[in-house]
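All chains are identified by letter, namely A, B and C, in their written order; residue positions are counted from 1 within each chain.
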Amino acid sequence: MLTSLGGVLFDGFAYGMLLFLLSVGLSVTLGMMNFINLAHGSFGMLGGYVTVTLMDRLGWPFLATLPAAFVAAAALSVVLERLLFRHSYRAGELDQVLLTIGVVFMSVASAAYIWGTVQQPVQLPDYFTGSFTFLGVNFAYYRLFLIGTALVVTLLLVAGLEWTRFGAQVRAAVDNQRMARGLGINVNLAFAITFALGSGLAGLGGSLAIAMVGLDPDFAFAYLVYVLIVVSVGGLASIGGSFAAATVLGISDIAGKYYFPALGSFLIYLVMVGVLMWRPAGLFGKR
Amino acid sequence: MATQIAVTGAVLAARGLDKSFGSLVVASGIDFELPQGARYALIGPNGAGKTTLINLMTGMLRPDRGQIFLGGEAVTALGPAARVKRGLVRTFQINALFPHLSALEAVALAVCERQGHGGIWWRRLPDYRAAVEEAHAILASLHLADDCYRLTHELAYGQQRLLEIALALATKPKVLLLDEPAAGVPRDESGALFGVISGLSRDITVLFIEHDMDVVFRFASRILVMVGGRILVEGSPDQISADPRVREVYLGQKRHG
Amino acid sequence: MASAAAPHAYLQQQARWHWVEIVFWLSTLLPFVLFPQYLQLASQIAITALFALSLDLILGYAGVVSLGHAAFFGLGAYTAGILSKFYWGEPLSLLVAGALVAGLVGYATSWIIAYFRHLALIMITLGLGLLLYEAANSASWLTGGADGLQGVRIRPLLDYFNFDLYGRTAYTYSLIVLFLAFLVTRRIIHSPFGLSLRGIRENPVRMPAIGAPSRAHIRKIYTIAAVMAGIAGALIAETTETVSLETLSFQRSADVLVILILGGAGRLYGGIVGAIIYMVARDQFSGVNPQFWYFWIGLLLVAVVMFLPNGILGGLARFTESWRRRSR
């Protein structure tokens, strides 16, 4: 029982880190522009397929595909932002929802067309396949790597937001967009960059996700729901909030499936609705 | 809590209203009374907290401290709609209209809500002939009858300002708080607009915010001057124009909009 | 011209049936003669149209965005399906039961819905929908879970008209129910309540400032819409004699949104027109490449938002308006 608890905690934390990478970008961009981007999960999916393709077709090593996944998702997000999304910042949330759901539909169908609907296999390098046991808990190397990556990303994000000029601009825009514009900050540019970075992180999360949760065209929708839960519980534009929410969600999801398999994801959705009703801006949100 | 303070003769009174946004104090120790049938002007430089005061009075914001009395009765705990039902009604500095309703529909909406038909879904709107005709009469009294079938967003800006007032009148207000009714209206038209306002029945007590001093002195019987979230002075137009503190505020701050 | 008419007469004029509407409803009878082999599809279209009409009431008229409207559709479907399996299969009473259950849940959740707007509202409707989906999935002893509900048995309509293979009864039945619901909707739209709903959509901030109880209005219309969606769900259970989890899915909520937006929200006929186009197109294309269907839907959605913000009917209205002006 105790060992299984340790295992659940470890696996849940690793899973939570995955969810964090997938969702932190949406949290920040939502906080900045109030732009509801339901296509965020699609960028994660793209990252996954980039990794699979580079490894299978071009024989790239796994680690080398990770930056490529980041760049591909970031690049595509810039194209979409300039081409489509920026036209709907001022429109209501309905237009944003429709526009981005349209993008999700297209991405899912395209993935099914190009890669088929089957689960994509990924062959992890040997040094990731093993695990060691400590105090009766099984630590898989790959999950440790995942956790390490997520922690590094978190540190970089927090440091970047706190100590760089760009980070200060982003914080100002989140705080009060009008005032930021008044101060001469180019909010649109800052947003475009943030959007690209956030989508890139989702792409990175997507490629790291394959070995843990698999990859098929459903990914864009299935993980969108998790991403939205993290964002709504964690609060907008709060990196710490996203981190905490993703951790709790990851652990409770794994624990729920382990201890109450019959309930499926029911508990998670219940918690999400409950939190939203209690605090619509999320547990850690300011607004 | 503060009980029924005797506010004889006052239809609307504020007692010790405080409000801050974070560290920004926008209302502090606000006290005033509007006697029945009065025509008050509320003036003060931009950012003085005039709109915030209207928000507090009408329940769109909650005060941090203080009480609001309508007809001697505390309404501080009531929501905006409940205050409107008791006759405390406002207009907006920035048009808050229904862009894709016709002017007639918009005013008929307000009339129907006042008469309690707003939840009726099994009868048609034109069956409420009296309500529709009342809406039309209100529009006619504001010179909007000819354009009453046009969509609100198609109306000229000056007409939209009038429609702001029409919506408020449709609720049969006892106290009407007008937030810069002539905001954005050319100077030569604002006289006509205030002509309409001064022609309102004396059953309606009016407080209006306005920056144009000629207009203020012409139409207000008394003036409240607000600066930095406080009421600096209250007095008759003559007292106010002679008051050195007011002069200082207005000489130090020529531009206000 | 217009200003010459008395105001209530003018409004009466606005609410009157247009000849195009009468032609439209008469033409819904055409499938009986022209496409007798497609009556099953026609009945599915009528049911989808009813579902879209119910969404129009909250989204198109009151401006309440929901990403979980399938919850009520699925509730109606499962209520009718489960009752028919375990108790009785009389279709009209099942319809009432589906409406009742969906309406009750709609009323209960409307207390939540009315308090939120924007992002929180979208997430809450999405979350409630997912919650119900998972609940139905978990309660497989009752719902059949992912395999769908088996053993739905429906008695003949009025104990006389069998639900035949060609869908004659199904289409007649669905069309009559759709038409009745349409009449109710039309009445709501032209009522003082309908005007208040449009007021909420146009400016939710102003409504309390004219003394309108917006939240009570939203609760009411949300419940009415849930009832209508429940009826649509019960109809689908009765005419297909199956209920799958898909009736509760996010996909179903998104589909009906697409249908309504495609046709034109807030235009009474938008849901119906959207349903006809969407269902016919799906029937035509799905044979070719089923998994790619959603690519075109996605593209369509993006195109509608970017270029046809008021849907097909909105575009048509603008076209006829400018054409009329030119010919004047």
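Assume a contact is a pair of C-beta atoms (placed from the backbone, for glycine too) under 8 Å apart; a residue touches a chain by one contact, two chains touch by 3 or more.
Just so it is clear, the structure is predicted and the values come from calculations on it, not from any experiment.
S.K.: Name the chain whose C-alpha centroid is farthest from the C-alpha centroid of subunit C.
M.R.: When every chain centre is compared against subunit C, the largest gap points to B.
S.K.: So which chain ends up closest to the centre of the protein, judged by Cα positions averaged per chain?
M.R.: The chain sitting closest to the overall C-alpha centre is C.
S.K.: How many angstrom lie between the CA centroids of subunit A and subunit C, rounded to a whole number?
M.R.: Averaging C-alpha atoms per chain gives centres 33 Å apart.
S.K.: So the centre of each chain is just the mean of its C-alpha atoms; given that, what is the distance between subunit A and subunit B in Å?
M.R.: 48
S.K.: Roughly how many whole angstrom separate the Cα centroids of subunit B and subunit C?
M.R.: So the centroids are 41 Å from each other.
S.K.: Would you mind writing out the residues of subunit A in touch with subunit C in their complex?
M.R.: 30, 34, 36, 84, 87-88, 93-95, 97-99, 101-110, 112-113, 117, 221, 225, 228-229, 232, 262-266, 269-270, 272-273, 276-277, 280-281
S.K.: Sort out for me which residues of subunit C touch subunit B in the complex.
M.R.: Within the complex, subunit C contacts subunit B at residues 2-3, 7-12, 15, 187-188, 190-196, 198-199, 202-203, 205-214, 216-217, 220, 224.
S.K.: Would you pull the subunit C residues touching subunit A in the complex into a rising list?
M.R.: Per the touch definition, subunit C meets subunit A at residues 59, 65, 67, 112, 116, 118-120, 122-124, 126-128, 130-131, 134-135, 137-138, 250, 254, 257-258, 261, 291-295, 297-302, 304-306, 309.
S.K.: Show me the residue ranges of subunit B that touch subunit C in the complex, using the header's touch definition.
M.R.: Against subunit C, the touching part of subunit B is residues 58, 60, 79-81, 84-85, 89-90, 92, 96-101, 104-106, 108-110, 112-114, 117-126, 128-129, 131-133, 135-136, 145-149, 167-168, 170-171.
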